[in-house]
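Listed below are the structures to be examined.
One chain, chain A, appears in both complexes that follow, with chain B as partner in the first and chain C in the second.
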Partner chain A sequence: MPYHEFECSKCIPERKQHAVIKGPGEDLTHALPLGHLNTIPGSISERGCAYCGAKHVIGTPMKDVIHLSHGPTGCTYDTWQTKRYISDNDNFQLKYTFASDVKEKHIVFGAEKVLKQNIIEAFKAFPDIKRMTIYQTCATALIGDDVDAIAEEVMEEMPEVDIFVCNSPGFAGPSQSGGHHKINIAWIKKKVGTVEPKITSDYVINYVGEYNIQGDQEVMLDYFKRMGVQVLSTFTGNGSYDELRGMHRAHLNVLECARSAEYICNELKVKYGIPRLDIEGFGFEPLSSSLRKIGLFFGIEERAQAIIDEETARWKPELDWYKERLKGKKVCLWPGGSKLWHWAHVIHEEMGVEVVSVYTKFGHQGDMEKGIARCEEGALAVDDPNELEGLEAMMTLKPDVIFTGKRPGEVAKKIRVPYLNAHAYHNGPYKGYEGWVRFARDIYNAIYSPIHQLAHLDISKDEIPAGAGFQTAKMLSDLNLSEEVVSSSTLRQYTGKYDSVSSLRTKTYPEFKKKERSE
Partner chain B sequence: MEEKKERIAQLEDYIMKKCLWQFHSRAWDRKTQNENILKKATQLLCDEPVELETPLDRCYWADALSLTEGFRSNYKWLAALSKEEIKELMGDLKERIDFVTITGSLNAELTDPRY
Partner chain C sequence: MSCELKQKERVGTINPIFTCQPAGAQYVSIGVKDCIGIVHGGQGCVMFVRLLISQHLKESFEIASSSLHEDAAVFGALSRVEAAVDVLLMRYPHVKVIPIITTCSTEVIGDDVDGVVIKLNEGLLQEKYAGREVHLIPIHTPSFVGSMVSGYDVAVRDFVRYFARKDKTSVKINLITGWVNPGDVTALKHLLTEMQIEANVLFEIESFDSPLMPDGNSVSYGNTTIDDLTQTGNALGTIALNRYEGGKAAAFLEKEFDIPAIIGPTPIGIRNTDTFLQNLKKMTGKSIPESLVRERGIAIDALTDLTHLFFADKKVAIYGNPDLVIGLSEFCLDLEMKPVLLLLGDDNISYPDDPRIQALKEKVDYEMEIITNADFWELENRIKNEGLELDLILGHSKGRFIAIDNDIPMVRVGFPTYDRAGLYRHPIVGYAGAIWLAEEITNTLFTDMEHKHNKEWILNVW
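Entry: the complex of A and B
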């Protein structure tokens, strides 16, 4: 597996060890890109910082909490306009964002006093919210503010509140991944075991590494509830602060995003003996296999199978409609971390697309191992790419679409490559059976949008086909399909609703009686 | 010999593409995962009893059962093998998975003493 040197990065020779091409007959022991290292000076990275990883990825999806950044207001930039981890309490955590509003004078004279004032003011402004997380930022960490001491003072004065302090300033790691680690470890050390949860089922899980992007968690919870499984806590999407304090009582940790949350699962296994089961909510087969494994663990596999059968019958014909039209399309799979491996194989198998490149902004070598193992031969795998490398890869590989974040996504658009938002989604949720069809629909719309076809024309030099009449996505996608496929009576386009999540919040579920236990 | 090698490659490819249990973040976890899941998978393929005493056992077993179902439906040649042949094959497969994920792995984080 040869390392790949980008033309644009020849002046940064260290970059060569961060990219490989998966060659025929080669395996992970031949070459593996370096990962989770400080970005090389001169390389304009797409990464976020360790504060961002702690707060904006993991902390803030908790729904019933005042999330306060101890720093300048600019650090709170990521909220409702960039993040889409919704919640079933009217998105409190997205609608309101808090900062202690640190300014230059505080850097000179200290910001502990202003922090305390702001904590109390925030609790008074939202008297129904009794929980708070505080995030250290670069400036306040450098001046040595003792956030823990201030939090303790407030908790003594206001005994009804509970505060969690996360000490993960922006510089505390090479990327957001450093922040994931810090908040995982801090949460288990400081908060797990401080609340005794009510157990209502014989089958109790923590759902870990799930952030409820556009409702992912609520879709998965629907399956778990239909199986009679109690989800004690979700770490952290749509999750509740106090539920997460009771994680130690689960029978099983079900882990989705191992990149951001395997640390807490590993620690829960060591400290409380709770097994870790890695699952996948994306794709029909991986999801079915995951539900079945949870069912097997608890001895209720028939409940899982009933869901698998029902959902597959309902949604598979729609997935296959898109598969017929996406076959052979070239994809650059360029997400942040875990989707690199969650999607690498299953989009090829279930949607027929060819993954020509995988990359990760903040993944570790373990993520690359999984991603490279799952993608097909010939794929270019890149760690922490810079903007020029992304452009060079797109020019060379000529993908039909890329799946990435909004920053590199906008760069792709400039060279007329459509992109789908792999982090926050376009029209999610993407998890679940219906969600997977919604993802396929988004890919289809990205590739076959008539507007996108027009974008390939350069009005300064190309001939504009003014007399060609209008086109639709279907006219473009069905051009070379067989009559059998085009007029199939079984395959159909997505027939779900615009909002596939809200109705789940009022759904009722069968009651599974808890077994009587003798003490 | 070539046939056996080809068969191990097929099983390895299945594990690499469909499973996640072999890629825990530390060498000691990978060792435990590979050992327990492949041991239970071998027992299941040979119709031998599988230990299910502890929650950890059940978790390994769930992964192992899912794996053997995948093996059986994708590789019909498995049905023609004797128990001894299956044990030998699975032993070689474990050696190969251990090599790719632990002993031959280039992942520098595997030996980090902390999570």
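Entry: the complex of A and C
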């Protein structure tokens, strides 16, 4: 597996070990790209900071919490309303963000006093919210404010409130990944075990590493509830602060994003002996197998199988409609951390696309190992990509679509490559059976948009096809399909609604009687 | 019954109206040709600002980070600035201008950015890049001072201070636009063209409304050149349209090179555009042509259809950049509306001295509040808990939920406006801007009337 040297990065030789091309039959262990190392200054990396990893990725999806950043307003403003982690309490965590507004005088004389005032003001403004997370930032970490002490002081004075402190300034690590680790460890150390949850089922899990992007968590919760499994807490999407304090009473930790949240699972195992089960909510087969594993763990396989059968029958014909039309399309799978391996294999298997490149902004070598193992031969794998490398890769690989972030998506647009938002999704959720069809539909709509055909025309030089007033995606996608596929009576396009999540919030579930136990 | 100017009483911020200084400096940096800034701080200080600006413009552009990590925060991070400059220069052969923009972290640890620039000029640039034109410009924008607005102001001044030279006379003027959109720059240049005035425009960001071309170009750049910046020292005069976003540069040029400066007014609305044209006339001796009389007439005609029928007595809250907010409030008053609450998101101590604010205080004959160091809670709390009734909100996208949750019509204006399509393309300045703003407000009110069934039948005949 040769390292891949980008033309644009020949002058920074240390980059060479951050990219590889997966050769035929090659052993991963010989040339895994380096990962999770300090960023090369000036390379125009796409990485964020450890503060955003803690606050923006993991902290803020908690829904019933005042999220207060201790520092100047910029960190707070910049990480506010730039993600789609929704909740079933009218999105309090999306709508409100709090900054202690540290100014120059506080930098000189200390900002602990102003922090305390802030905490009191925030609780006063939102009297129904009794929980708070305080995030340290670069400035307040460097001046050495003792945020924990202030939080303790307030909790003594206001016994009805509870405050969690996360010390993860922006510089604490090579990327946002440093922040994931810090908040995981801080939560289990400081908060788990401080509330005793009510156990209502024989089968109790924590759902970990799930951030409810566009409703992912709610879709998965629907399956768990249909299985009669009690979800004690979700870390952290649509998650509740006090529920997460009771994580220690679960029988099983079901882990989705291992990059951002395996730390807390591992600690829960060490400290409370709770086993960890890695699952995947993306893709029919991985999801079915995940539900089966949970069923198997609790001895309720038939409940899992019933859901798998029902959902597969409902949605598989729609997925396959898209698969027929996406076969062989080239995809750059360029997410943040773990989606490269969550998606690499399954989008190939279930949607027929070829993954020509994977990259990770803040993944570790383990993520790369899994990602490369699951992507196609010849694929280019890049750690901590930068602007020029991304462009060079797109120019040489000529993908039909890329999955990445919003701003890199604008880069792709200009070279006429359509993009889907890998972090926040276009029209998600993408988890669950229906969600997976929604993803396939988004890919299809991106690739076959008639606008791309127009974008390649040069009216000053090219022969302009006259007489056609319009094209549809279907006219383009079905051009070379067999008659059998085109007129199939079983395959069909997506039939769900624009909003597939809100209706789950009022759904009722069967009651499974709890077994009598002599505890 | 009067207008009151006061500071927010709470110390904290619930939903900030502004981000911090480095963001303003970054917005300036993308307006300069052959320029890539290095933000000296944590990676988030760049990554999120790029995301923010790209959401607003629906474009990408380049800004680099010195990627401050833990060791650098402890031992000092100047070596990372040196590395960043080298890596940028190696990989971007067109780059000539590199502003080095500081942040809270690197100001707190006390990195001597000015010192490292001298070191680089005498070392790396001489040794490795001899013969290449490279300008390193330290820009100090600690996040705990001012806001993105002052960061913009400081950066414009620092660019001008670095480049401006006086070596000849010129007929050109300097036009410092302030924090505007590509569409505004187009509108302003149109006014200059009509008056046959040449200008060094700071900053030429029209090109951020860039095309998707058949050959696939890649990145949008600003177009203010080194020469434009250098020539600011020879100009006939400077007009800085925004007092708080470019005023410092105008004052610098006046003090250093005796270039007469006119600061403001922000040409939002008919009256302020009139004043802008008068100022141009005064500065250059050029006359205002018939074409602009006609253009103004079209605007007046459009506004006359709207004012007393739809706008009169409508209560408005406005938030955002100070020059924008003040300009909009003046325009609203001219349209018979009643701005009742103005929110300025930072604590600039010179607000009480602003003659426009003083005029509001003296002349407004109903209850109006101007809150400085404001956050969005100042608006939301008044609506939810203190009975403030509004007919309209004017401001940027970050306040969208206040409008949505309280069902108040809102026109997006300012920065950022990512939750509406294409607003960067439409001017709010000049006569064209006056028309666009008034009609956008009108149509928003109409949609709201229909959505609420609130006298929607009135439009059966209009």
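The rule is short, and it goes like this: the second predicted complex is superposed on the first by the 503 of 519 C-alpha atoms of A that agree within 3 Å, B and C clash if a C-alpha of one lies under 4 Å from a C-alpha of the other, contacts with A are read in each partner's own complex, and residues count from 1 in each chain.
Basically, contacts are C-beta pairs under 8 Å (C-beta built on N, C-alpha and C of every residue); 3 or more make two chains touch, one makes a residue touch a chain.
Please read all numbers here as calculations on a predicted model, not as lab measurements.
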Which of chain B and chain C A:N38 touches, first, second, both or neither: second
First (chain B), second (chain C), both or neither touched by A:A149: neither
A:K103 touches, of chain B and chain C: first, second, both or neither? second
First, second, both or neither for A:A122, with chain B first and chain C second: second
Partner chain(s) touched by A:T73 [first = chain B, second = chain C, both, neither]: second
Touching partner for A:S289 - first (chain B), second (chain C), both, neither: first
More chain A residues in contact - chain B or chain C: C
Partner chain in contact with A:L277 - chain B first, chain C second, else both or neither: first
Residues of chain A touching chain B in the complex: 27-29, 31-32, 34, 36, 185, 251-252, 258, 262-263, 266-267, 273-278, 280, 285-286, 289, 292-294, 296-297, 341, 345, 364-366, 369-370, 373-374
Residues on chain C engaged by chain A in the complex (per definition of touch): 10-16, 18-23, 36, 38, 41-45, 47-52, 54-55, 58-60, 62-70, 72-73, 80-81, 83-88, 90-91, 103-105, 108-109, 142-145, 147-148, 210, 212, 214-220, 347, 377, 381, 397-398, 401, 405
Chain C-touching residues of chain A, taken from the complex the two chains share: 8-9, 11-12, 38-52, 68, 71-82, 94-104, 106-107, 114, 117-118, 121-122, 125, 137-139, 141-143, 169-175, 387-388, 391, 405-408, 410-411, 413-416, 455-458, 462
Residue ranges of chain B in contact with chain A within the complex: 16-18, 20-21, 23-26, 29, 55-56, 58-59, 61-63, 65-66, 70, 99-101, 104-109, 115
